[in-house]
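The chains carry the letters A, B and C, assigned in the order they are written, with residues numbered from 1 in each.
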């Protein structure tokens, strides 16, 4: 049988593959093959075949190891007393490995002869699903909403360059114009602070107070209004000049 | 069971698309009467859990409609709102009624039409008239659905703006009116 | 046709994946005998173009194996796995969880990346953690899809190792039949 085997190393998946094939050619259980015969066959094949150099390493390592194994097995037991066990153990190990590979190869073949899904048997081509996914809802949790609000505000602030709030400061000229417009219609004494413009923040209000006071003083100097203050820190009152 | 019928049954079962009578004819044994086979198949599945139906140019198996309705489970998979939409919603909730421009002003970035549309589609916001300013932009406010979804009895259940954003922060922002 | 049987037929027929008896029990009317319903379903489809088979822990409809040649005229079959990949798969099935190194040790040769990738791509194997040894190599095992692919009910349907080894050696590898 071995003579009729045409072996091409590249057709084998490594030295173990070849060894298994050679063992099979002995037509016995892998556990009972003759390792000596196996080694001879292997070495013969290696010598006969033209091995591509890049593929050679594995094959040659195996060949060297088998040659060593054979030499140990051929020597009379007493001459290899120290190494005998080693060689025996390795022999057992090789046999086990071949048996395992053989078993796995059978398993592989067994599997490939099963009815394959997609080759021998087919599933439903257009399966139906009985669940419909409702994506119309929305995850609504309040913390997320609030975080979004805070996040948006913070980000916007961080991005915005610092810009002092524009102030609307009441000028003396504006205060004079306002006083002139109003005071003529009010002949009796009025508290000066009533002539302040509406609104504004505290700073703007203080500016308006100052401007209105200066406007009152300026107009009093020109004789357009009269001012009086009954007590220190008391309200300042104003009225149109009796002469004017 | 007749061989042609077995083949037709297997093919219609395994095919991803409806099986046309032409395709069936190519697979059935020589000399089969395709129409008769189809009729036999339809008959074989009459009153069963699945039935044979003719759809767009071919035949397919379909679950019997009464069972399909019974077996169908609706799985709710609510979406998370994208960040931009969530922020827009929060701003509208706090500053309503407000325009898209207001939202952009507050977020400090443009708001895509799709974000606004997503909120509209979900029924979370609704138009609240127009602002009488140039361009008469639409005003937006939140809806009853918004309250329901977020488990709020009323808008005032939302924490106050000042509680969320510090005063110095809000001082920098030209914002009018509290919720 | 009995209502429980119609429901079981509809559910299993519609599904591409095996339906477990537990799932079936959940949809059948109160007090149904699930095993009896499954038996009735298997019997109803005996000898037909499609049949009920037990695979990967559940039941599922498959086309009858004898019709494969006809069906592949119109239904495209994926490529078969190359020998190296098949052997690697068999080794992983029997030695799981095992590393790529284990597979190479048993085959006595390096396992090509493409073989491993083919198995992964088909979903036949999946990572099963790492071995706590130098390099912490990934461990591999077979999947549910593996069971489905080869029409196995469970891993124990694989022939025992002894059955594989003790079979008489010959070039033709006589194999004992399927379970």
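The criterion applied here is as follows: a contact is a pair of C-beta atoms (placed from the backbone, for glycine too) under 8 Å apart; a residue touches a chain by one contact, two chains touch by 3 or more.
Bear in mind the structure is a predicted one, so any value in this text is a computation, not a measurement.
Chemist: Using CA atom means as chain centres, which chain is nearest the centre of all the protein shown?
Modeler: Nearest to the common C-alpha centre lies chain A.
Chemist: Let me check something: if the centre of a chain is the mean of its CA atoms, which chain is farthest from subunit A?
Modeler: Result for the farthest chain: C.
Chemist: How many angstrom between the C-alpha centroids of subunit C and subunit A?
Modeler: Distance between chain centres, rounded to whole Å: 34 Å.
Chemist: Can you give the whole-Å distance between the Cα centres of subunit A and subunit B?
Modeler: 27
Chemist: By residue number and range, which residues of subunit A touch two or more other chains?
Modeler: If we look for residues of subunit A contacting two or more partner chains, we find 122-125, 128, 130.
Chemist: Among the residues of subunit C, pick out those that touch two or more other chains and give their numbers.
Modeler: 11, 13-14, 61, 63-64, 71, 75, in rising order.
Chemist: Contact residues on subunit B for subunit A in the complex?
Modeler: 10, 13-17, 60-63, 68, 71-81, 83, 86-87, 89-91, 93-94, 106-109, 122, 124, 149-152, 158-159, 164-165, 169, 171-173
Chemist: Can you list the residues on subunit A that touch subunit C in the complex?
Modeler: Residues of subunit A touching subunit C: 13-17, 19, 24-25, 27-30, 58, 97, 99-125, 127-130.
Chemist: Would you pull the subunit B residues touching subunit C in the complex into a rising list?
Modeler: 1, 5-11, 13-15, 23, 26-27, 47-50, 61, 63-64, 67-68, 70-71
Chemist: Could you pull out which subunit A residues touch subunit B in their complex?
Modeler: Interface residues on subunit A, with respect to subunit B: 122-126, 128, 130-142, 144-146, 148-157, 159-160, 165.
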